[in-house]
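Letters A, B, C and D name the chains as they come in the text, with residue numbers starting at 1 for each one.
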Amino acid sequence: MPGIAVTTTINGDEVEFICPAEETLLDVLRDRLGLTGAKEGCGTGDCGACSVIVDDRLVCACLMLGAEAQGRRIETIEGMAHGEKLHPLQTKFLEHAALQCGICTPGFLMAAKDLLAKNPNPTEEEIRFGLAGNLCRCTGYDKIVRAVQDAARVMKGA
Amino acid sequence: MHYARPSSMKEASSLMAKARGKAFLLAGGTDLLVRMKGGDIEPDLVVDIKSIKGLSEIKKTARGFSIGAAVSCAAMGEHAGLKKAWPGVVEAANLIGSKQVQSRCTIAGNLCNASPAADSVPALVAAGAKAVIAGPKRKRTVAIEKVTTGPGMTSLAKGEIIEAILLDKRPARTGDAYLRFIPRTEMDIAVVSAGVNLTLDGKGVVKAARVALGAVAPTVLLVPKATRAIVGSKLDDAALERLAAACSAACRPIDDKRGTIEFRQKVAGVLARRAARIAYQRAGGK
Amino acid sequence: MVQVALWGALSAAAGGKKALDIEAKDIRELFRKLEERYPGLKPHIERGIAVSIDGVIYRDTWSKELPDKAEIYLLPRIAGG
Amino acid sequence: MAFDASFTGQKFKSVGTRPIRPDGIDKVTGRARFGADFNMPGQLVGRILRSPHAHARIKKIDTSKAEKLKGVKAVVTAADLPDLTNGDAAMFDILDNCMARKRAFYDGHAVAAVAAIDARTAKQALKLIKVDYGVLPHVTDVDEAVKPKAPVLHKSVFTEGVDPKPKKPSNVARRSQYGHGDVDAGFTAADAIIERTFRTEQTHQGYIEPHACVASVNSDGTGELWVCTQGHFAYRQTCAQLLGMDVSKLRVTSSEIGGGFGGKTHVWAEPVALALSRKAGRPVKLVMTRNEVFRASGPASATSIDVKIGAKKDGTVTAAEATLRYSCGPYAGMWAELGAMTSFACYDLKNVKSVGYEVLVNRPKTAAYRAPSAPMAAFAVESVMDELAHKIGMDPVKFRIKNAAREGSKSSYGPVYGPIGIGPTLEAAQKHPHMKAPLGKNQGRGMACGFWFNFGGQTCTDLNIGIDGTVTLAVGTVDVGGSRASLTLVAAEELGIPYEQVKVVVADTATLGHNDMTDGSRGTFSSSMATIFAARNAIKVMRERAARMWDIPVEDVTWEDGHAKAKGQKRGNLAPLSIKEIAAAAPNTGGPIAGHNEIVADGAGVSFATHICDVEVDPETGATKVLRYTVVQDAGKAVHPTYVEGQYQGGAAQGIGWALNEEYIYGKDGRLQNAGFLDYRIPVCSDLPMIDTMILEIPNPNHPYGVRGVGETSIVPPLAAIANAVSSAVGVRMTHIPMSPPRILAALDAAKA
């Protein structure tokens, strides 16, 4: 079966790839484009470890076909920092030790970025429900919520 | 597997009608891709309807709202007019899955997946919503409760596609609400759920009511006895108890990994009672 | 001379004995003498057992010296998470 | 509590501070490479075919069609993993679990595997393998499995530890017993006795990263394995033995690991990946799906536990007894025994007895899960302690303090305790403001204690001084939760240099001596000990080099604040030499400078915690919301307090999930019904409150800095703490975990009836 040719924008760069129709965006990112920052924790949209932002909406890359990426604008964890300068969320995750094993971290950072873009001043409850699609098994979420709260503070001031 | 991205309903309908092998529609894909991953289905054709003109829009019409089949539930939550008119429907739609799933999932998909536990369906049934179904030859409009016929089964013929979901314009003194029970606070499938839609008269007496229950029977249940239990009342405690009892009695649930028969029966009544109270307040009742 | 308490399955393997007096200067010698006296203990020792000397648990150090009159407990080698 | 003065007086410069972890930047930018993030040239995709039956004879496997499929490069079955275990029964069980031989023992048991050029081909190939099963009767429930008429998994299993040896085989693999005194006499002396039976369901560690590896075996008998594991040396040992390879010829590299909690201390698919690579002659990447992780890795035991405790009116416990039945999956373990050992470890008891039964069932092999077996035993015991306190009219905290073990107490599992933290954690909890906070309607407060042993074990480190005076520390314990940060602090502390001057890496199996796994809360405890000694060895070398540079006797050179200093009046004019200066001169003073250390890091101090929690229960739906949670735990010495807090919070969160919603659900057909994160419900962010922590520091006299392991104990008290809180909120004693809404509602209805 011939593959599907797709042209898309990833982290600001135009990218072309060919993939079989049934291949997910996650498999395209990881196996074809070498962007392994998005992780597969479940493959069924239940853990959020593969979260990416597509046309300003947060999605699970495992629940989207690669073919659907045609003409879209995709942001992944690899594009979060600007050169050497980390995004405030990245800095705050480090400062607050909001990660232990780190496998869920890229997904949480993308979800938190989306959350703050839509709600720059979230309450603790809004953060908790906003991040409920991302599973973390190490931290108990406490330090993640604090890191997002602190990042929101910093980003408002900036 | 083939992937097609038609630009018109006609083209989509024709692709589906002519498909040999297993063909599936793709809107949000949040059920379809999960089933593909699990190996439950191996489609020969997937038809992506998101490029069809108008399908991703919420239109305000003279008769109410028309929600395109490819409108994401997140977009519904961002539509101020829809949210104001049908808060119960929107909150039900916004309970499906995570933020990530919300960005993609649709109420038409939620309906066609035909799970008895679908969150948006009891709210839509209570709301008296209709589905516009486009086929290769004609279009038809049917009540939501006529779409699903059993778990995973719909009344749609080969080549038929839901184009939009219609919600009526809201007169004064109306309100709807949806509540579901899940063990966690997010990310679960409803163990039992209830949607209630009320119209009051000037004195706060319930004039009309529709009550629908989810996850307690093979399809979402519209409960006429629940309507009778509260119409004519000001939703006093006795009416609410009658409502709860009618809902519990209407359930035909099963024991499964998500809950027991007893639990579903009991909590169906509790949720209907609580949802009715919210709908009543939204309708201006006190 | 040290006092050795046997626990759990070890006691059964030593003919039901719960405590023994043994002349041993370190864990290695203790194991050797136990094996000689109670061949039933050999598979347990080979599988790995931990030694508690006056309340401190040693899993691997055969050369650990046993102070005179020390309280010795033989325990199963435990797994962790 | 007696403290060793030499520890409490210690002043630290680096240890106890909270710098940013060294591996952090890679983890927030997506650059960190986990198990599935690595590829090799010519790599194939491996997939495993699994039994759909809970128990079945494997009559025949026909792989011929799969082998003929274009793109398939190897198909393996048990025949490709021959038994080389040489009578080692434990090793044979591992082999049989990796690839079923004569029988499939659970839904998900591996029966064959393929390696193909891509995922699509591999998936197709699995469908072409025909397995002829003879379905056998199965048993998945721990209480059903011990009944006389239950299907027996192994005809060769006669309960060990019972005298005389049983005449009939059974599913009870072993009996173990702990305790001292005379419990019958103790119960006779009691004024009040509580006796109850408890059940807990099977839970999974729930690490977010599925098992993943890339295996490459060459025709010359050498091989490489890239894998997410808690112990790459142990994986090497096991894989080499099962594959018949020389240990030294298999090089295992541990990837970044996306959580383990005990589940990555056992091999699962790695030997299969190696067998596929050997047969295909190409590297093979094998990544489990989430479904496979649930069905075919190693969850914790399901349990059934009887507890009886008696006390006098003044609060003295006179006797305590427990019978514990733990499921092991199809292979004998020592899970009930660990439950028996830990059950009463918090208390100073005159008369105590605990008996454990290892029960074989048709479920996946039980594996370690954070303080394995202790949470379930603590749930049962702490629930009864709570109820007994109420029965004699005593405050539950006071009741526990009165009976708490202390230095010199004879533990329920045998040894006498040294300085321990159970008393202080209880006293801190008693004084905590949380204890006095008001409660509302339908709300309840519970507290409970927990114990875990902690391990030390085989450890070594290499500390190398670079030419510019910066330091590389190679350790062999896998970093699961930030231990590289702690070990950097320890190296900086001992050498007297800034944190930024030290870089810690986890070495592979070819570049460092054997290290035991990161398990038993030993990672930071044991590697910090080896790091301290390695640094001291390096300092010794640096003093010698400084002596040479100054041309004075080495005895006259001391080490202070990261510098060599010359002693004595006449040398007062010699400026201290920094590591940088000593390193720069190294080529001329004797060559490279390094410090090594190889130890058995024994003497890990036991660990205790006390947790407090508040819940609100909806009496109409049985839904429980955790309102407030506080962890008090002894850390010995917290090397990096933020990551210690993280361990406390993470363990508590896992315990909360276990207590309320997590469970393996089996159908009548013996198949697992909820093998995914949708219906195996681990807590999400909105389920939890902030988790307050309080770190106590009761130094461990067996560690140079007083460090104790902190990783596991935090999962022990939550089951009981929440059960006590829920029981208090609803007025009914909850005895079945998880306390899911249907169970709570059913218990309320039963109480009303």
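Structure notes:
Operating definition for what follows: a contact is a pair of C-beta atoms (placed from the backbone, for glycine too) under 8 Å apart; a residue touches a chain by one contact, two chains touch by 3 or more.
No experiment lies behind these values; they were computed from the predicted model shown.
Using mean Cα coordinates as chain centres, the one most removed from subunit D is B.
Between B-D and C-D, more C-beta contact pairs are found at C-D. Centroids of subunit B and subunit D (each the mean of its C-alpha atoms) stand 44 Å apart.
For the pair subunit C and subunit D, the distance between C-alpha centroids works out to 25 Å. Separation between the centroids of subunit B and subunit C, computed from CA atoms only, is 67 Å.
If each chain is reduced to the centroid of its CA atoms, subunit A and subunit B end up 29 Å from each other. Of all residues in subunit C, none touches two or more other chains. Residues of subunit B in contact with at least two other chains: 38, 185-187. Each of residues 205, 261, 677-678, 683-684, 686 in subunit D touches at least two other chains.
Pairs of chains that satisfy the touch definition comprise A-B, A-D, B-D, C-D.
Interface of subunit D with subunit A (complex): residues 18, 20-21, 23-25, 27-34, 36-37, 119-120, 205-210, 256-261, 287, 289-290, 480-482, 642-643, 645-646, 649-650, 652-654, 676-678, 682-686, 688, 690-691.
Contact residues on subunit B toward subunit D in their complex (touch as defined above): 38-39, 181, 183-189, 191, 257-260, 262-263, 266-267, 270.
Listed in rising order, the residues of subunit A touching subunit D in the complex are 20, 22, 27, 30, 35-44, 46-47, 49, 76-78, 80-81, 86, 90, 93-97, 99-106, 109, 124-125, 127-129, 131-146.
On subunit B, the positions that touch subunit A within their shared complex are 1-3, 5, 26, 28-30, 33-34, 36-38, 43, 46, 48, 50, 72, 74, 97-101, 103-104, 185-187.
Residues 123, 291, 620-623, 660-661, 665, 673-674, 677-679, 681, 683-684, 686-687, 740-742, 745-746, 749 of subunit D are the ones that touch subunit B when the two sit in their complex.
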